[in-house]
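You will see subunit A twice below: alongside subunit B first, and alongside subunit C after that.
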Partner chain A sequence: MWPLEEVPVSTIPRSLLILMLGGIFIIAPWAPAAAGTSGPPVRIGGTLALTGPLGPTSLVHKIAGEISIEQINKRDGLLGRPVEWVLLDDQSKADVTRTLYERLITVDKVDLLVGPYATNAILSALAVAQRYQKMLVHHSFGIPKLATYPMHIPVSALGNEPDKSLPKKVFEAMESTGQAPRTIAIVTSKFSSVHFISVGAREVAAARGLKVVLYLEYEFGARDFAPIATRIKEANPDFLWVGAIGLDANLLLDAFQTIGYKPRGQYHLFPAPGPLINAPGSAFAFAYTSFEAHPPMTNNPSAEELSRLFHERAKQAGLPYPFVETQAASSFASWQLIEAAVNATRSLDDKVLAAWLKANKVDTVYGKLSFDGPNNYGPEYTKVKQIQNGRWVVVWPKEFAAPGTKIVYPAP
Partner chain B sequence: MPSLNLLGQALLAGLFTGGLYALLGLGLSLTWGLLRVINLANFALAFLGAYLSYQLATALRLDPFLTLAIVVPAFFVLGVVLQLGFQRFGISELVSLIVTFGLTVILESLIQWIWTADFRRLETPYVRATLKVGTLYVGVSGLLGFVAAAGLTLGTWAWLRWSYLGKAARALAEDGAMAAAFGVDRRRLALLLSGLSAAYAAVAGLFIALSHTLAPSQIYAWMGVVFAAVIIGRLGNALGLLAAAIAIAASEALTMAVTSPGWAPLVSFTLLIVVLLLRPEL
Partner chain C sequence: MRLAPGLGFLGGGLLLALLPALHPPAFYETVLYLVFFWVALATSWNLISGYAGYFSFGHAAFFGAGVYTTATLTATYAVPFLWTLPVAGLVAALLGAGAGAVVFRVRGVRGELFALLTLAITFVLSTIVLNTPIDGGPGVFLAAVPVPRWFGSQNATLYLLSLIVALGSVAAAYGIQRSRWGAGLFAIRDDEDVAEVLGVPTYRYKLCAFAASCFIAGVVGGIYAIFVTYVTVPDVFSIGLAVDAIMMAALGGTRYWFGPAIGAALVTALTQALTGGQSAILNRALIGAILIAVIVFLPDGVAGGAARWLKRLARPAGAVVVTTARVIALPTRPGAAAGTPLLQCADVRKAFRGLQALAGVTLEARAGEILGLIGPNGSGKSTLINVVSGYYQSDGGRVTFDGHSITGVDGHRIASLGLSRTYQIPRSFRRLTALDNVALAAMFGAPARSREAARREARRWLAFTGLADRAAALPEELNLHERKFLDLARALASEPKLVLMDEVLSGLTPTQMGEALQLVRKIREQGTTVVFVEHIMPAVIDLADRVVVLSYGRVLAEGKPRDVMRDREVIRAYLGRAYA
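Then we have the complex of A and B:
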């Protein structure tokens, strides 16, 4: 009834095992039991990067998942049975993810799967899901062309060609200001999804007439950004594109502070939502988003409720930015898809569920999502957000912009 | 062709990062070189120190440097307790590697439990303070970190070289039985060295908090390169460690300045391999 977080401990000496397990019990998540449910629980298994460099963002997914489970159980669970989330820690490692999904299917014998966080881990999980012919609903995959497994269901705003569509949207946003940048510097992590999209940004920028004055790649997990920051300063671009994930954006901004540089415009691809907003020098920074907790997106009833609940839980958990954004919304939507498919088909059969999801449009926190395009991707619905008055607000496309806001570029 | 300003700024960054590597490696170098304990938990202790400094400075509005008055003595005691545990269970050099890795995992979980996995940033005037020297920008927190690293490594080197206790520690590492025959109390000296190592980790933690955004998983990001600096600098040799740390960090920074930054991580281990090939006795 009570889901327990588990962590692989095979490499730890037995004498320490007891202590570690003690720690794990302390941090185990708890979700209330279903009110009007009976029978054995429907077990839905997945991993998140509860530790490792992707940990901060995974925490957002964990909170969103716990809210989802609570709400599903309040609505009498699935098929009248309570729902249990078997959540394991993949440590931000793709190889560990692969092993854990194998374990979820063969040892824990979960009924359904939900995806891990981030592209590398999802690729690993997809391979296992395909081997066992399990449906995999996931929420943060950045390279759609690699997701060829017919029974994967991506909750992704990116569409099928994010390397083209996402940069295009960013440059359109800048052009809409009437002061379009003429030069651009692109620096990117080698982390697969951000690298893929940033390489696309380089091509899209050139095609739109922007001069790429600097292009740099750095290793995922890099610590020292001072030389990179100095090279950007010397290149002096009108606009800076950072293929950032995890700590990158903050580290780069720290380095900018040291050398007294302030970009005229800066876009960070996948920064962890909270930290960047609190970083010195981040005012008017842009980033990718698909959802922010303000109208018109919160006009959707499920979005409004998620925003309220997430805000409460995230504050309790001490998140520096306790508002729903892309990550939380995508996670929540993935659980909405599972619930909708099971309720519609009255089945837990992976093939039946996947077929139903591919054939139907499903109401989610984003509105209606479909999975009938190439590689099961539907239309893209990316947005550009900007830090204004200490909050992330959507500024582009116009129809999703927060009331009363407009793009600020160049930064004052 | 990179400008002189870029090269100068990169070298400065390398110098400061090298100081941080040396601070992180000092405790490891001492315990490994003199006690034959490969204390991986040193990295976790440094981050615990960083989080404690962050917490004390934020909650009590203390100057971050004043937090050292609390954290350093506490960590000294922690180091002593850790060594008592090692002595109690007779932990060997290889086993210490595994046990302290386990401790690192536990400390990481503890940090994550208390402060969550999300990023934390210590906001103080030191973080943003910058001096301009000619065309170069010098971050004050980096500069202070380097001064601390230079002071502690030099002090430790001098202590080991000229003080009675330092000589006793070196004698112990050289020939424990002979040192004991001359009246060196191995047990008490080991407690002192272990306490000192943990106290150094606390100092390293403060400078990590001043110069970096904190996340529990960052513990592991420093291990490889600091290990390389400790080995290249020779175990138990504080000045050697400082020189090696600066050489590695400066090479990394220059690599990032003149080529693709993606090559930088190769530098430390390439240097390690080259040094071991040239001087296998290390």
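Then we have the complex of A and C:
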């Protein structure tokens, strides 16, 4: 698909058109001035879905990546050389992703790779990385069991079995209120990673004694949530799990408004954070997170600085939710891992770096990450956040909860 | 395939096939893979949508059928990858043929309805795949599928496979465009009903084109599954895939066998060139702007624009078209013995939602005669011609032509028996030149001819109707008189035993009418029986051997023209006054 509507041709002056055409083949890498560095740059290549349906979220990763590169270069780059990010747009297409990683490795001959955004693209990139025995540090992969390549470094901190650990944490949070739900309705998109975790939620719920009074699946990209909302209302569950991605949550809440239904508790897996916080009926909704821009997570200097810089840049870029959360934090952590591994080994060799990362724990914006478990997954840093007073705040586990907050369930 | 393009094609293909032997960086193989992927997909879309004009938005369904066939066979049943490709093509082709077998029977499902229907097939198929173990939701991971290593690498294998499929698709498009099949498909695109009546087996041609199109899409899908290694329903059954294929074909030119290949190569090259992450939105906008510019300035695509430019070069500006004198010498053809019944209608009935257009018409046209069919507006004349030529199915009665029952027979079969027609308002194939309009009839007429033989025959009939110098003109460049004669030339080029002329004289000047009357006599002289519908009574009296008068869907009178014109019932119901 092409964004034909974005630039009406008649509005482009001829001179600008010529300039644009002249610049077709120029791919400017992101390489801000680096003090105290010398020599040829260390080139780190990767793609993001900067256009296409995944574009809005990829923009978060782009801003976080640019902040990371700036900070690494301020710290004298890698091995005393400036760092350059060769960033390409994979257009949200798996086949283009594969092609571009081939290009980064065989034509651009980048030193290191950083992953694209989202599960499907990462799987495409992983296959290329494996063929050329390159390490791939990636930040947004949702189905750990599919990532079997020994030199992949998953930063999302979901743990090896998010289909079990993530729902478990949600139910633990609800139980901690002393008013644990006894019935649950689960509705989920069929988007691959979301579906995978929601299927797990159904099993975990049953194992913990919750009665699943409704289980529904809907197709990725569904727009009409009225029938689903009606079924949920009829089932009248104590708690609602929505395997939501993107704007699903907003659409479902709109449908609830229409039929006058207000869930006693609702959890949305991967909602678009900005739109949901502004949606009528979203107060006290829960969602997944691994990081939010408030203490105690921002108590370390790197997290505090990331939060401040990201907020500035995201506001400039017009992001609807200009705060660091899971996506930006995982992107930032990816670069922290690369920097730590190169500095520790004084090497750019993929095998050396991957071996070091699998053998060591690294301090990141999340906390300490390690990759010594099954399929290179280490500890999981899943958290539960809730909309309170117009902000997303972590409410569980307790040690990560925003100061002075507690879980609100059932919703008043 | 002619020698020069054929050799060029083979040579180019061989050179490209040798690329992996040079062991280039893998990126170039994968980029070329994507180019060939889109060449094959856009070309396959064009077979049904560009050639036949059946616009499909559902190409992703057939592509997806191929993807999931290969995914299932390799991942679940461990079938070797290469073996799955023909199966992927066959599954997609069967799916397309199955849908087409139903859809193409329904005259109403054309244009946007067909587009919506193919879209519905995509949704239905994706729902089935999503809700069954074929996928089930999470997608199918194919990284573990063994892939042969041609030239020592999997990349080279996928590259060569896509090259083979792309070359095969373009060769198929070339072959089809130059064949009777292709000529028939182009006629279907312009006016399917006329094509059928001219002898084009429209149903079979569409079905085969759709199946061929789907087969290619299925094979392309099978290779794609292994290329991306992870397939999910939203990615595979995406309307975006069909939109991209449509855009590429339109950009290159849908009426040219190489058009979609040009479009696919241009768009893929642009897409790959414009991937810089620091200017992603600008890149996409630039691609959009380039595409808009091409579409605005080259509405027939790059290939169409190039063809127009070459045509202008070949014909200097200011050249004047001069109409030459008609060639009127035509050989007499053997036919049924003069005076014996050639066309017989017995109690033919046809109603439209309660309106009885034909209420039991019984008449006959005899070999070698000129039969005038007259009557007031709405008396059923044109309906009778439509029933006889196979455009309408009658509700009752029997029609026999040259000893064959043609009741309920498809139009193209009736045409092959030697029956042709013209239209009250000329219905030329608007994208075909005058020469090709007539040649098409010669190809699909009673004696089937090759394209070249048909063109020679067409020139003869254009000369006969005084259009020899208008051979290269498109119908829109002709005036009404010329278009009426073009219709006539087309009807005659199939060498019919009987030609049905529907108001061929209306709208003509007296001089043109005189020429037309001469032509009709010449047509009869060379052995063709003529039935003509007309309102201009002097012409009817002058031309017709016999006259049949229809009124309210029934035969009111028949006989010698002068006798009929004096018939009191005819005067009362139609003429108002005696003409003889």
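Just so it is clear, the second predicted complex is superposed on the first by the 381 of 412 C-alpha atoms of A that agree within 3 Å, B and C clash if a C-alpha of one lies under 4 Å from a C-alpha of the other, contacts with A are read in each partner's own complex, and residues count from 1 in each chain.
We take it that a residue touches a chain if its C-beta (ideal position, glycine included) is under 8 Å from a C-beta of that chain, and two chains touch if they have at least 3 such contacts.
Computed from a predicted structure; not experimentally measured.
**Q** Taking the superposition on A as described, I'd like to know which of subunit B and subunit C A:Lys190 touches: first, second, both or neither.
**A** The answer is both, since A:Lys190 touches subunit B and subunit C.
**Q** Please work out whether A:Leu50 is in contact with subunit B alone, subunit C alone, both, or neither, and reply first, second, both or neither.
**A** Both partners, subunit B and subunit C.
**Q** Per the contact definition in the header, classify A:Ala411: touching subunit B only (first), subunit C only (second), both, or neither.
**A** neither
**Q** First (subunit B), second (subunit C), both or neither: which does A:Leu100 touch?
**A** A:Leu100 contacts subunit C only, not subunit B.
**Q** Touch test for A:Leu146: subunit B only (first), subunit C only (second), both, or neither?
**A** Once the two structures are laid over each other on A, A:Leu146 reaches subunit C alone.
**Q** Who wins on subunit A residues touched, subunit B or subunit C?
**A** More residues of subunit A are touched by C.
**Q** Check the residue A:Glu217 against both partner chains and state whether it touches subunit B (first), subunit C (second), both, or neither.
**A** A:Glu217 sits against subunit B and subunit C alike.
**Q** Quick check on my understanding: which residues of subunit A belong to both its subunit B contact set and its subunit C contact set?
**A** Shared contact residues on subunit A: 12, 20, 23-24, 26-27, 50-51, 55, 190, 217, 219, 221.
**Q** Which part of subunit C faces subunit A closely enough to touch in the complex?
**A** Contacts found on subunit C: 25-31, 33-34, 37, 126-127, 130, 137-139, 141, 143, 154-155, 224, 227-230, 232-235, 240, 243-244, 247, 270-289, 291-293, 296.
**Q** For subunit B, which residues are in contact with subunit A within the complex?
**A** 3, 5-6, 9-10, 12-13, 17, 98-99, 102-103, 105-106, 108-110, 112-113, 115-121, 123, 127-128, 130, 132, 137, 139, 142, 211-213, 215-218, 221-222, 249, 252-254, 256-257, 260-262, 264-265
**Q** So in the complex, which bits of subunit A are touching subunit B?
**A** Residue positions touching the partner: 12-13, 15-16, 19-20, 23-24, 26-27, 50-53, 55-56, 58-59, 92, 190, 216-219, 221-224, 226-228, 230-231, 234, 247, 250-251, 254, 257-260, 272, 274-275, 278-280, 317-320.
**Q** Which of the residues in subunit A end up touching subunit C in this complex?
**A** Touch list, subunit A to subunit C: 1-9, 12, 17, 20-21, 23-30, 47-48, 50-51, 55, 62, 85-91, 94-96, 98-100, 102-103, 105-107, 120, 123-124, 126-127, 130-131, 143, 146, 148, 190-192, 195-196, 199, 217, 219-221.
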